[in-house]
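By written order: A, B and C. Residues from 1 in each chain.
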Amino acid sequence: MANTKEDKANSSNRKRRAKPKKSLQRYYDSEHGIRNHWWPGLFSYELKEDDVKGITIAGERIGLRRANGKVYGFRDQCVHRGVRLSQQPTCLTKKTVSCWYHGFTYNLKDGKLCDIVASSNDPLIGRTGIRTFPVKEYCGIIFVFVGDEDFKTPPLTDDLPFKLPKNEPLRAPCIQDKDALALGIHRECIGDWRLAAESGGDPGHIMIHRNSALVLALDIALSLGEPVSGVDSMLIRDEKWPKGVTKYFDNIEPVMHRDDLNIHTYGKTPPYGLRVSLCLPAILFVENWPQPGMTQYEWYVPVKKGYHQYWQVLVKNCPDEMAKEDFTMRYKNAWEDLALKDGFNDDDIMAREAQEDFYNNRNGWDEEQLFSMDQFVVEYRKMVHKHARGVQPPPDKL
Amino acid sequence: MANTKEDKANSSNRKRRAKPKKSLQRYYDSEHGIRNHWWPGLFSYELKEDDVKGITIAGERIGLRRANGKVYGFRDQCVHRGVRLSQQPTCLTKKTVSCWYHGFTYNLKDGKLCDIVASSNDPLIGRTGIRTFPVKEYCGIIFVFVGDEDFKTPPLTDDLPFKLPKNEPLRAPCIQDKDALALGIHRECIGDWRLAAESGGDPGHIMIHRNSALVLALDIALSLGEPVSGVDSMLIRDEKWPKGVTKYFDNIEPVMHRDDLNIHTYGKTPPYGLRVSLCLPAILFVENWPQPGMTQYEWYVPVKKGYHQYWQVLVKNCPDEMAKEDFTMRYKNAWEDLALKDGFNDDDIMAREAQEDFYNNRNGWDEEQLFSMDQFVVEYRKMVHKHARGVQPPPDKL
Amino acid sequence: MANTKEDKANSSNRKRRAKPKKSLQRYYDSEHGIRNHWWPGLFSYELKEDDVKGITIAGERIGLRRANGKVYGFRDQCVHRGVRLSQQPTCLTKKTVSCWYHGFTYNLKDGKLCDIVASSNDPLIGRTGIRTFPVKEYCGIIFVFVGDEDFKTPPLTDDLPFKLPKNEPLRAPCIQDKDALALGIHRECIGDWRLAAESGGDPGHIMIHRNSALVLALDIALSLGEPVSGVDSMLIRDEKWPKGVTKYFDNIEPVMHRDDLNIHTYGKTPPYGLRVSLCLPAILFVENWPQPGMTQYEWYVPVKKGYHQYWQVLVKNCPDEMAKEDFTMRYKNAWEDLALKDGFNDDDIMAREAQEDFYNNRNGWDEEQLFSMDQFVVEYRKMVHKHARGVQPPPDKL
């Protein structure tokens, strides 16, 4: 008869690798997100004059309201009974937002409680309020600074990927260009925001895309991997903001066949100028993708434990109205499906979901075994650990 | 580089108000319900002769059985394998209820195990049993006393709202009147039973009802709030049972417009004789509502954490059959929809659900900020804290 | 005013029977399953050449792959990012299985990482791998040994019910017979695997089957119970493997009527040669059921806490092709529905589900009150406690 002791011994004999986690402790602790960064909240067109909409970033419930064209951000939780103001926008003036429940009314500028519909002389008026969030509209996207109220807000461009000099030979469009047009989608997906960022930037997962419509239609020669570990082709930029790590794909000879393993890819056109960067807070920046002369941005915005808002944006330089119309037409009719949805990126969503159980329920962060091509991802981890401006606490501590 | 210490500091710097919770500790502890009180279980018409039905009150699984007209209450959980007797009523005599699984058979009167179908001479027979619950049928409702077996059962009327003297000028019908007819519905709703009671009694939430069909059809002049805090119009009755707090609405000048906040109500008919009481255990009692000469009762029966059974009952004095038929016809064709469902009360259900996340997941009980009109609700909290006959333990301690 | 102390006292006064749990401690601890046993994984026909399929037994994710006819078992979790290899079988050779994500490639024989598609010279290759599981195909079923890698694998037949001598008078077919044909189904069901085994073997639950199509169509005289406790008719076999407990039903006079309790059964044909055994690891073995000359096997395979895979298999001796065709036709057109599904066994599934809340959320293992006919089940509990080869740890310790 085996006894309980034996059972325990059997169980503990199964090998546990004690991982030197502490070196990246802040990264491992940031399951709820990182703090004091700019994140995209909504596209500008999603918030019309007098709209009030609620979003959740890193567990923070944030209300966004447009009044006289300007967008205001505030804690989307009435101080009274904690309901979301955005649930039933009601009783609005251009200077205030009110709760639909008892009419607690807050100044948009500073969040102070300035009136209560049900009790206009209430002693609580003027003595409390909701916090506000810095908001900046940029290139058709409403960005929100999610952080401490007393934190000195950095410029938004510190949290956007590098703007390269115009004379850089392989330069692709970027969102800071004056003639940039950014078109895209966002959607809530299953998956820790970190796993989303890692799997987006991961240079070794090309296998899952090899039969995708985008790759086949454009006949792109995607490499199954690399003969060498690729550290040479990596550039780490963490001296000033923005901070990120970049990988160059131009000097790689694509591996198209592994006949011994019964797998191959199809395309004939090597990618031109393709560079992949993973930047703080959690932005993928793919230059000259899905075609040379375009750039794909992705944000992996923490929502709540195990979920992120997946932002996918294509950028092109459009110097005039005709160019804008042309890109808009092509985006709507081709690129949105072909590049951002089931023609390519939906495979990434599947791969993220596939990792959730391991990392959430089965000690994945301890037990994962990384290989050489993960060095890119590890550099991003280090960057978050060292340079994130704060680690987000769990929702009940907000 | 921000370090972990800084992160923690940032987090704890966000203000936490230390609330003197202890003053109402029993109230805050009663998320599973309060104990040793009478609660409505089923309408009489829902339990026909020989029926066995199962309900859950405050986590207690209770079986109700009608035999020879009389209703018996018992723990709806077989001592053997813990299944609910009510799941498949089977093998019934007028004196017993049996489990459908192995035929464990219990006396209705005292709950003793008196037979087992599968083993009629079993040594367990006569040595165990299920507890019984006191039951009382009153005005078409089956009430159950949910409490300790050795607790001296108080009269049901101790747990029903006050019966006022007949000569009271604004007196409305009440369930204790001999000619009372009570008609209504009950349904399980999301929401802590306390939040349901509080939001039902809350005098400051009228905003959410201002465009409701009931208010518009009857042209009721509902006030957006009050200029003063309304303490004057409140009566606290906690010297003898029943205990509760009452608010009078007749001396209030309705506030129909807040043009500066872009909100107004529509009606022209001030309510007459309207009084709202919140009584122990968790009963709303609204006299002269939805019309003068009628009364609305609501019970918020704890079911399990985060859920309550919402009882809504209209009472009218009906001295003869014709009056009963008339009220029944009007109830079915008008009042049920107009007063109890989407014409009015469904808005309350929405508002309760909206509070759940804050109170259940985000420290709502600590962080709520009450205003003057909440004094009514605070008085009810005090009453539960002081006078509830017990606090219900969690289901696994039952 | 009742205070908190009183409340607690009330609560603890409600009787708690302190159960001498320790005597069967390993049984009570095995909610995740028992370890180092053979369990059925798939029917042979469910895994065709080159298929890769994933199953879960006792929280272990197991991949099964057929190559050149042989079935291999391995941990279905890539060492890299923890995804299941079986999610998208891809890039296969007859000697390897690869992960669909980055092409981590493992030898089928020993599980060693022998290649990575994305990085064919990676330093990780040869230094890690996934564990393998012993697999045996037997009578059309793929069995997997779920246990420690260093455990000396016992013969499969140690974990199959007893094979009786041919001259035994009431001998029914068994899976070890050379001419046995086994046909059946498996499905994931709600319920702890132990409760499933206990309720399958339970001799006292016949009430729930009394109106079933199988019993009525075959006019079987099922007994409502027994006048005596039935210990006499029980045989405990735990000296050598296989180990189990058997109950004989032939010497029982069926109790067809309990008029005092208003219940009766219908059949006229007493069962012939009916014997019920419950064997390790968790196998029900019902000889001469659903008809004399047939045997029903059931396995209750632990999947994860609160769920089991319910295997139901009918076995008949079929000495030639015509007999096989005949049994297959009868199985498909009659026995599958009549014996295994809604004609009989679906009632057992209902009864298992009915117990889950009590045992999972309400201290069922402490509070259950067993009766004389449960002695059979208690003997099985003892056997698991004493002879199970290990207790399965929770999934996050695997």
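Simple rule for what comes next: a contact is a pair of C-beta atoms (placed from the backbone, for glycine too) under 8 Å apart; a residue touches a chain by one contact, two chains touch by 3 or more.
As the structure is a computational prediction, the values presented were derived from the model and not from experiment.
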Any chain that touches subunit B and subunit A: C
Same vs different contact residues, subunit B with subunit C, by half of numbers used: different
Mean-CA-position distance for subunit C and subunit B (Å): 45
Where subunit A touches two or more other chains at once, by residue number: none
Subunit B contact footprint on subunit C (complex, rising order): 1-4, 6-7, 10-11, 13-14, 204-208, 224-229, 258, 260-263, 351, 354-355, 357-359, 361-364, 367-373
Touching residues on subunit A, where the partner in the complex is subunit B: 25-26, 29, 35, 77, 79-84, 87, 90-93, 96, 98, 100-105, 115-124, 128, 148, 150-151, 386-391, 393, 395-398
